[in-house]
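Here chain A shows up in two complexes: once beside chain B, once beside chain C.
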Partner chain A sequence: MPHHLDLYIRRESALHGLDPRAKVLAAVGFVAAVLLAPTRPSWPLGLLLMLLICATALARIPARVVCRRLLSLVVIIGMPFLLSRFGGEATRAAGEQFAVRSLLVAATFLVLLASTRAIVLLEVTERLPVVSVFGQLGEFILRGADLLAEEVVRTNRAWVLRAPSATLRVRLTGLTQASMSLLSRAAARSERVGAAMVLRGFQSKLPTATPTPLPRSHLLAGLLFALISLGLAGVGRWR
Partner chain B sequence: MALAALEVTGLSYSYGQDSSALHDISFRLAPGERVALLGPNGAGKSTLLWCLVGVLRAQGRIAVDGTVLRPGTEAEIRAKLGLAFAEPEDQLFMPTVRRDVTFGLLAAGAGSEEAAHAAEQAIRSVGLPEEALERAAHDLSSGERRRAALASILVMDPLILALDEPTNSLDARGRVSLAGILLQLPCAQLVATHDLEFARALCARALVLVNGELVADTSMTALLADTKHLQQYGLTAPLRTDDGQTGVL
Partner chain C sequence: MVAGASNRDALVRARELALAGLLGALGLLLPIGFHAFGWGGKIFLPMHLPVVVAGFLVSPATAVTLGVVVPFLSSVLTGMPPLAPPVAPLMALELAAKAGLASVLYRSLRLPMWAVLPAAIIADWAVLALAAWLAAGLFAIKAGAVQYIGTAVAVSLPGTILQVIAVPLTVLAIEKRVPRLRPTRREETG
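Up next, the complex of A and B:
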């Protein structure tokens, strides 16, 4: 899967070697801590940022890569932040909190995706017992997004080849104009994929092999990271 | 008469009220027999294959190893008749090749170990190394994808293998290699193609489909010797060169 969505960066690191299930556990704990951390004082959020930077360094992923990838999310995160600037003091403060926490959450997932192959991550989410339905739903959505992304890439290539000197603006206009045919092609392909699944006996649930047991040391590492994060948020709130 | 692996009688299908895609098709396929389904683009070859597995609901009778296709028997038919799509990308939909190859077995209730063992055998039978199982489909070359898709069908041990344009996007070596794999398979095969050379290497018998009608059911040798009919069926076309000489494409 999602070769168009795959953000994996190949490295020999402790984080890369950690079982993906432990990484998901650590990431979920960290995200919960970011969301639970108090607004004032702000040091718990600062410490959580430091923790994330440490994890990024441990994964030997250049910080500039994470920052560059964060840029693509700036529009989504930045829009509510900018709108909040027109509100009162409370709205402005909420806008700032939203921006800071969203960036931290997004950076967490970017580090997770950079240190874990998307195909492996998908298998993990699919197997989580508590969210099996959501995991499968998520996998279908991701798969659909991947098909769509692939179609965008193809359409863009076709457009570029037919108009090599086209500016970005012209290309974007072309992509917009082609969006309907793009969607219908993605839908047609989804139909063929659906047929392939049905022909091999698909009956509403993706079959999965029995997972290998999660090594205890990996589980402890993931749990420890999650607990430290939650601890920081908890202490900050208590103080 | 011995039980046919596949028996099609009076099969008709239309996409709309006015467009008949298949009209009154009848033929039999003996167990282990390899038959080429020939025809130009748009002749109805793919439509026929989709009808055989019950994805498209056609009029007429389709029986696979004695089981008649009707509501309720689709699963049984699909377990016996494996269809390899024209585009293997559509058939490799799981995160890894292993997940794809084991998909059918696990869906049928096989255990993890049994499925894993069968997947390794299947991937080897199509000439791919076992390491390919851990790769994502998009990491494979066109030829490897074709083989991986084939493995995902062969793992189910089908009685009949239907292949839709199997030589699409394969180079000469890939075609020879695929032909070698198919020749070793014991199952009956229905090979829909317009690649005459490939069909000749594999099949002794040919069905020719033109505009949704079965216009010939003959031996490959007889068909290939009949240049006039080959051109008439749209399987070859005369090519006039600059110096006025005529060849055939």
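Up next, the complex of A and C:
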């Protein structure tokens, strides 16, 4: 199934080949370590950053790609950080913590998403006990996004062919009408999809694929990364 | 008879999932469209539109689930809203409260749309206020939750106006096209 939306970067690397469950385990451990590590002294966070850079290099993801994607967070992270500079000692420290931890956690998610397909992450979510319903609805949304994206492309193509020199007003009116029509058609389409699902044996619960066993070497790799990260944070806090 | 009821439940659930999936897909695509035009997400709240519409058309449980899923999925697929700083979790809370309340009031209690939409928007602001109050305590920030909410509400005013205009029109258009989705009609047939 094609996916128009994704942050995945195709590479042949050890990180890309790692089981997604092991990657999620490693990412969760790393994020916990970033949240636990002290900001003063700063060496634990510095070492965690080095660890993340190693993981990025291992995934053969260009650093400039991660940096470019992090740039979109400049306002969200930068504004509170700058505002905190005008506060007292506690506010300034909180601002630093917020900026450093946010950047590290955001970079971790970016590396995870650049090395793992979104659909694969959703399949992992589907097998977890509490959040499985989110994963199932997420898959529906992905399928819907593919359908709608194709429809938008078709509409746009027809538009370009039929009214290449339309004024902005005409285009905006057309866009509004097309959006309303798209919504109505989406609702009508859901009727057909629902009926088709029942005909195919849907019984109020979506089927999930049987999980394949997680290879021990992959589990160990994920666990090791998480433990090293947590160890660094723990030593930093203890010292 | 039991098998018939079970089949009807399955059909209702299947339709809901399909509709929620398509509205959720719009929740992913609309912000991309708005960003393509250079219109800020914080100003026009494009992700809110389909999720609030879903609140009027699906059951409360599905509406809440959709509200939680859409920001996280958008974050995974496009990187926006970000997971860190925790904008996506905050939006998930906002959308879940907004869509869930709209669904409870409109579909379960069958209140009129003109009363439901303002209540849902106020619920959204209440969740924002709670989150701001918690964050202020957590990060020892001196600025109060009231200032934050005031700024957030003022910035997103165009988006709120857009919702007040577009959501009822869209819901009415969809209900006209698919009459089964009207709450009264559903009660009669159910």
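Just so it is clear, the second predicted complex is superposed on the first by the 156 of 239 C-alpha atoms of A that agree within 3 Å, B and C clash if a C-alpha of one lies under 4 Å from a C-alpha of the other, contacts with A are read in each partner's own complex, and residues count from 1 in each chain.
Heads up, the rule we're going with is that contacts are C-beta pairs under 8 Å (C-beta built on N, C-alpha and C of every residue); 3 or more make two chains touch, one makes a residue touch a chain.
Everything numeric in this text was worked out from a predicted model, so none of it was measured.
Chemist: May I ask you to decide whether A:110 touches chain B, chain C, both, or neither, giving the answer as first, second, both or neither?
Modeler: Touch partner of A:110: chain C, not chain B.
Chemist: Between chain B (first) and chain C (second), which does A:227 come into contact with in this model arrangement: first, second, both, or neither?
Modeler: neither
Chemist: For A:73, decide between first (touching chain B), second (touching chain C), both and neither.
Modeler: In the superposition, A:73 touches chain C alone.
Chemist: Of the two partners chain B and chain C, which one touches more residues belonging to chain A?
Modeler: The larger set of chain A residues in touch belongs to C.
Chemist: Just checking: does A:202 make contact with chain B only, chain C only, both, or neither of them? Give me first, second, both or neither.
Modeler: Both partners, chain B and chain C.
Chemist: Quick check on the superposed pair: does A:193 touch chain B, chain C, both, or neither? Answer first, second, both or neither.
Modeler: both
Chemist: Where does A:53 make contact in the superposed view: on chain B (first), on chain C (second), on both, or on neither?
Modeler: neither
Chemist: Using the touch definition from the top, say if A:9 reaches chain B (first), chain C (second), both or neither.
Modeler: neither
Chemist: First (chain B), second (chain C), both or neither: which does A:235 touch?
Modeler: neither
Chemist: Tell me the contact category for A:183 with respect to chain B and chain C: first, second, both or neither.
Modeler: A:183 contacts chain C only, not chain B.
Chemist: Across the two complexes, find the residues of chain A that touch chain B and also touch chain C.
Modeler: 118, 143, 189, 193, 195, 197-198, 202-203
Chemist: Touching residues of chain A toward chain B in the complex: what are they?
Modeler: 1, 3, 118-120, 122-123, 143, 189, 192-193, 195-203, 207-210
Chemist: Tell me, which parts of chain A touch chain C in their complex?
Modeler: 5-7, 69, 72-73, 76-77, 80, 84, 87-88, 90-91, 94-95, 97-98, 101-102, 105-106, 109-110, 113, 118, 121, 133-134, 136-138, 140-145, 147-149, 152, 180, 182-184, 186-191, 193-195, 197-198, 202-204, 206
Chemist: Mind listing the chain B positions that touch chain A in their complex?
Modeler: Listed in rising order, the residues of chain B that touch chain A are 50, 53, 55, 75, 78-79, 82-83, 85, 87, 90-91, 93-96, 99, 102-104, 106-108, 112, 115-116, 136, 138-139, 152, 156.
Chemist: Using the touch rule from the top, collect the residues of chain C that touch chain A in their complex.
Modeler: 6-7, 9-11, 13-29, 32, 50, 53, 57, 62, 65-66, 68-70, 72-73, 75-80, 82-85, 87, 139-142, 169-170, 173-174, 177-178, 180-181
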